[in-house]
Amino acid sequence: MPQQQIRFYQTGSFVVGNRLLDPDQRTVQADMRRTNSLNSGHRACQGCGEALGARSALDAVMRATGNQMVAVNATGCLEVFSTPYPETSWQIPWLHSLFGNAPAVATGVAAALKVKGRTDVRVVGQGGDGGTVDIGLACLSGMFERNDDVLFICYDNGGYMNTGVQRSGATPPAAATTTTPAVGPEPGNTFGQGKSLPLIAMAHRIPYVATATVADLRDLEYKARRAMEFHGARYLHVLVPCPLGWRTPSSDTIRIARLATETGVFPVFEAEDGEVTAVSRIRHRRPVADYLRPQGRYAHLFGETPGEDVVARIQAEADRNVRTFGLVDTEVVR
Amino acid sequence: MLRQIEGSRGVAEGVARCRPEVICAYPISPQTHIVEALSTLVRSGALARCEFVNVESEFAAMSVAIGASAAGARAYTATASQGLLYMVEALYNASGLGLPIVMTVANRAIGAPINIWNDHSDAMSQRDSGWIQLYAETNQEALDLHIQGFRIAEELSLPLMVCMDGFVLTHAVEPVDVPDVEQVDAFLPPYEPRQVLDPDDPVSIGAMVGPEAFTEVRYLAHDKQMQALELIPAVAAEFAAAFGRDSGGLVRSYRTDDAETIVVALGSVLGTIKDTVDELRDEGVRIGVLGVTSFRPFPLDAVRETLAGAQRVVVLERALAVGVGGIVSANVRMALSGVSLHGYTVVAGLGGRPITKASLHALFTEAIADRLEPLTFLDLNRELVERELRRTRQTRRSGPAAENLLRDLGAAASRIG
Amino acid sequence: MFQVRIHGRGGQGVVTTAELLSVAAFIEGRHAQAFPSFGSERTGAPVVAFCRIDDRPIRVREPVARPDAVIIQDATLLHQVDVFDGLGPDGYLLVNTSRSLADLGLDAFVQRFRRDRVIPVAATDLAMTHLGRPLPGAVLLGGFAAITGQVLLSSVVSAIQDRFSGRLAAGNVSAAREAFDVVLAEIGEPARAQAD
Amino acid sequence: MSKATKQGTLPFAITLDVGSSLANKTGSWRTERPVYVDRLPPCNNACPAGENIQQWLYKAEEGGYERAWRQIMEDNPFPAVMGRVCYRPCETACNRAILDEAVGINSVERFVGDEAIKRCWTVSVDAAPSGKRVLVVGAGPSGLSAAYHLTRLGHQVTVRDSASEPGGMMRYGIPSYRLPRDVVDAEIQRIVDMGVQLELGTVVTDISGAMTDEGYDAVFLAVGAHIGRRADIPAADSARILDAVSLLAGMENGEAPLLGRRVAVYGGGNTAMDVARTAKRLGATDAVVVYRRTRDRMPAHDIEVREAVEEGVRLRWLSTIAYADAGHITIEKMRLDETGFPQPTGEFEDLDADSVVLALGQLADLALVQGLAGVEVADDVVQVGSDLMTGHPGVFAGGDMVPSERTATVAIGHGKRAARNIDAWLRGTRYQRPERHELATYERLNTWYYSDAPATVRPRLETARRISTFDEVTGGLDESTALFEARRCLSCGNCFDCDNCFGVCPDNAVIKLGADNRYEIDLDYCKGCGLCAAECPSGAIEMRAERT
């Protein structure tokens, strides 16, 4: 009989730890003295996944580095809601330069710290999917290719939400944005081949690449901490639902992220030197419709003229993920 | 030590003596020799404690410099032409954040048509980017301006670009006095950032500023450049005292005291102009030249002071504000508001066209006789453009102008220039 | 002011030749300025470089249009580019060739110049002998020193040693020396009093 | 605001001093606020003994078995007994059953109860002596439970019982292979040690006398139901017919009844199963339970039936015994009418049986209330109010002798209820049942956070050894399995300090108070997104609209 170490929680997937764990096993977010890298008073929407993801990731990095860290932020929601003059919500040394250059700016900071012998201070670059997979991609790829000592974190909410929900390279197929009506099967986004930045990052053979979601903050923390055990370029891709852009209730942010993983739409895994080393198995596999239906951006797939064919294509994508990453032991959809 | 070396090499040696801690390199002619030379200096250890980062674009180059500077490192990069334009967004950001980055701009034309040769279109396009712009007349001055540049930039927390004519200077081998490390160390203290990313004293740099404070922020940026009007000559004087050379400053005049005609120009062409001025002086013409070293901030008072006494001003520009004409001229006119004299704008040396003494001699003679058009294109091949204009008037689809012109020029295109 | 124009092809070290010449002059405490015909010429394409030598600081930046001397590193250019353009009747002309001017069919062209100032030098051959590589530039400067007297052979030699090292330096030096002797022999006596 | 830091004056507006957004009270965005609530867990709700199951599991899962045991003892003095014989209504109600399998509450209770016996934990009486004396008639689960609680409430209690040993049905009704006697003895002894007066072999007949002459201030009647219900089956004189209750009681007194090799048991209750299984253990080769309805209508609990069948007991549905003779009985087949009532079919069949044991239910011996003023008897049981008081002031009754389900657990519950009401009555007040929370339903849970953890199966004695001995059939859990089982509890409807709300708030608007003091919402910053409520595993947070 395996000893159930953690009460209530799926081993390894519980949210933030609890009284039954040894203090050193508890998550940073469970710590009354956690650093709150992003403190209260920020102007993020109610139920913002990005605010939650950013605080959790950076708190973990702070814990891992003994607060010896610097963050560089791309332009975007996170930057705008966290630092409108005269107030900032950050508790860390933080620099915002431009939309498309955060990885390069982070490289610059890392270079400066290196030349000053402050290699104990670690650098984190962060941005939304626009600043990462679109306008920031060239700088990011350069940072990867040079293997600069930077952890870059992408908070992926699948669109340009800061400017009012426009399509980005990370907007999933069939999702509706304010600019997709022109391109996709109205009003949803087109089906492309997709743009998996984690895979692109892996193609650079950088030491560490991982994906995570706000549905599993413990896993997110673990990966942020793990990333700090490496030197060189590291990439963490975090799925952060956006109640505004996804048109979901603010209280559903985590539930939706969970569904993204349980349906296979968003594979959660780790890779080292370009090879997948671990995947988070799907616990109770669900059909993609369970993930799509609650989201307003997919409402057109479930209206008077339901888009079964579209849903089927998305299901096929999820199935591919499940196969590619081996997300479930047995191929049964519950 | 006085050495006979290529301008790019001279600049690299000068920059190295400023001990930059982070150098971002991306190739583009005619700047490339500078970062190549710096790379070897880092390799050889002549430039120690320096991170040399090979970036993937000029945009990245400036971005890396921004990060490095914000983290308290002395940052340097070099670029030209399209490269400068490619980093424009970051240029404004660097000045907005008040990061004292120093950058060499090996001035080069901007396409299309693509053209690798020298003019000032690139740097001129960034005159409002908030960067200080200093133009070098010789390779010696180019080197010296970098040493002064770091002083000025870091004292004001403003980025500064040293503009030197591409090829004309960067590729020219001439005597350059390369100062000793000790000399430079004594003149240029280590970088003390005004703000820095420090885990032990964290701050948020780069906040979003709304209407309630944006005007003030911009005003303060302008005020810094006004302070530079004081600082630049002060630093130049200190430099002269320490190195025994006149370099930099706001403006430099040559034989202007009794001049009726004063030519205003920037950069390496000043040398050729001075020779021409001497020739004309020998003919008894009262002519002089005013070299503008600091184009940003623009020294309105100094320019006015020199020009106020003259009867005519010929502003010779290596750039063209398409649709209006002169860029430097506009600034000179501002300096002369209220003063009535003949003003001529001459656009010369675009895309590497040589500015010869002969042409200048003729030009000035015309000017002195006040037979000059208010806007003149030096050595413009009238026949050629007329033909093209005729062509375009005749047929709607007359093909690309540049190629037509080349066709008309024929073999001449492959000629030296 | 003494102005030199050097013709050659990309990859033949034309720019280096101009630079070496300027350095030689610099070594003698004179003012010199060397620069290429700014362009993006690739290997094999016709290229030009310039050098000015003067006793006063050189301010002018225009290309050399009226050279006092023209050095042709590659004789095959003779019929492709107007290499004599701007060269005055008293101008010097140094051609890298193992053949005679007649063989090159240049007689007609060089009529207007002083015979003793138009010298063919088998620079490439010399380079191959001493260097094992077809780099005629430095070699021609030996000839240039002899024919123009603008710079001393010793200065050319130190410029070469300053720029190159080891075999390359040694080879170039000995080749330059031989070129100097060859040209001297050709023109009988040094153009300039050897007192200094 | 750009203020002087170690770095000197920061550049105006562009650079800001950290953490300054605390000045921006985002609580003003809120239209709903999260509120922490406590709900009634279904297990607690279902427990006839009124145990706070969730609470003692919470303590047990930390390994705090003594604290868990003391929590049980607040309501029930028989954890070790209950951990064996309770029919587990709590597990039937358990929300976890919907997720995977119900939490093995009963098994943990037994583990904790046995721990208490092993470690000799005792309960102290802290209440000041009230000077009141209470007579309890009947030393069964109900009576002893009442005695236990009354003692803890400061009253002096005497328990009288006609039997020679205390425990009532726990001893005389339940076979020892289900409930070893040493366990019963231990838990009763603990009660006696608290100062309860035990007078055995004493038949009480005169209640009012006891109150007036002996000066008892109140009486609690809990005599149980020990008389086997007879059914007049046509039978030959030579037919051997016994009744279940006396048979089982006889076992306890060491008299092995002569049943023969083939035994027919008549009835469908738990007692029928007990008898059939006992018969097996006494060497019967064939034990048949004859019942007139179908299995699903059997009053016997499922486990009982299952274990009986495992041990080789045969069941005959839809049958009544029409005639009993020596060595065989005649059975008439029945069929259920539309109302589910069995109707004779006229088909008969013979069945070999050396003896017939009647297990058709029990009756209470109500002689002692005859003539007791005000006490009303109907349907063979004493009528009581919700406070369990009979029509006779100061005389209360509970257990099998009052209208209710007849299980030990219910009896123990009565004991507690009676004690509280008696205590109130003695103090001249009325016992007020505390307000009950809203039920914690499965829908309110966020079960994602709970482990996939199937229930621990208790070790069971292999059949061969079972039917040959009276050894205890079902074993207990060891410490690790008990811990595991305890930790399967979902804590339905009540905060368990999981830190979820603290962690998932995007605005850091949940304040962790620490040291099991739970949390509090920081209304200065809470934007009312509702994530904490949605992600609370146990459904202990509720969103309430802000007053407009």
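Per-chain residue numbering starts at 1, and chain names A, B, C and D are given in the order in which the chains are listed.
The definition used in the following text is that a residue touches a chain if its C-beta (ideal position, glycine included) is under 8 Å from a C-beta of that chain, and two chains touch if they have at least 3 such contacts.
None of the values given here were measured: they were computed from a predicted structure.
By number of C-beta pairs in contact, A-D leads when B-C and A-D are compared. One finds 66 Å separating the Cα centroids of chain A and chain C. Between chain B and chain C the centroid-to-centroid distance comes to 34 Å (mean Cα coordinates, whole Å).
We define each chain's centre as the mean of its Cα atoms; on that basis chain A and chain D are separated by 49 Å. The distance from the centre of chain A to the centre of chain B, each centre being the mean of the chain's C-alpha atoms, comes to 44 Å.
Among the residues of chain B, those touching two or more other chains are numbered 97, 198, 202-207, 209, 213.
Residue positions of chain D with contacts to 2 or more other chains are 13, 16-18.
In chain A, 82-83, 85-86, 88, 90-92, 94 are the positions where the chain touches two or more neighbouring chains simultaneously. Inter-chain contacts occur between A-B, A-D, B-C, B-D.
Considering their complex, residues 5-8, 10-18 of chain D touch chain B.
Per the touch definition, chain A reaches chain D in the complex via residues 1, 3-4, 6-11, 14-20, 26-27, 29-30, 32, 36, 38-44, 46-49, 51-52, 55-56, 82-83, 85-92, 94, 214, 217, 243, 249-255, 258, 283. Put simply, chain B touches chain C in their complex at residues 4, 6, 29-30, 116-118, 165-168, 171-175, 268-272, 274-275, 352, 354-357, 414, 416-417. Of all residues in chain A, only 67-70, 72-73, 79-80, 82-86, 88, 90-98, 100-101, 104-116, 121, 138-139, 141-142, 145-146 touch chain B in the complex they form. On chain B, the positions that touch chain D within their shared complex are 96-98, 157, 193-196, 198, 200-207, 209, 213-214, 216-217, 220.
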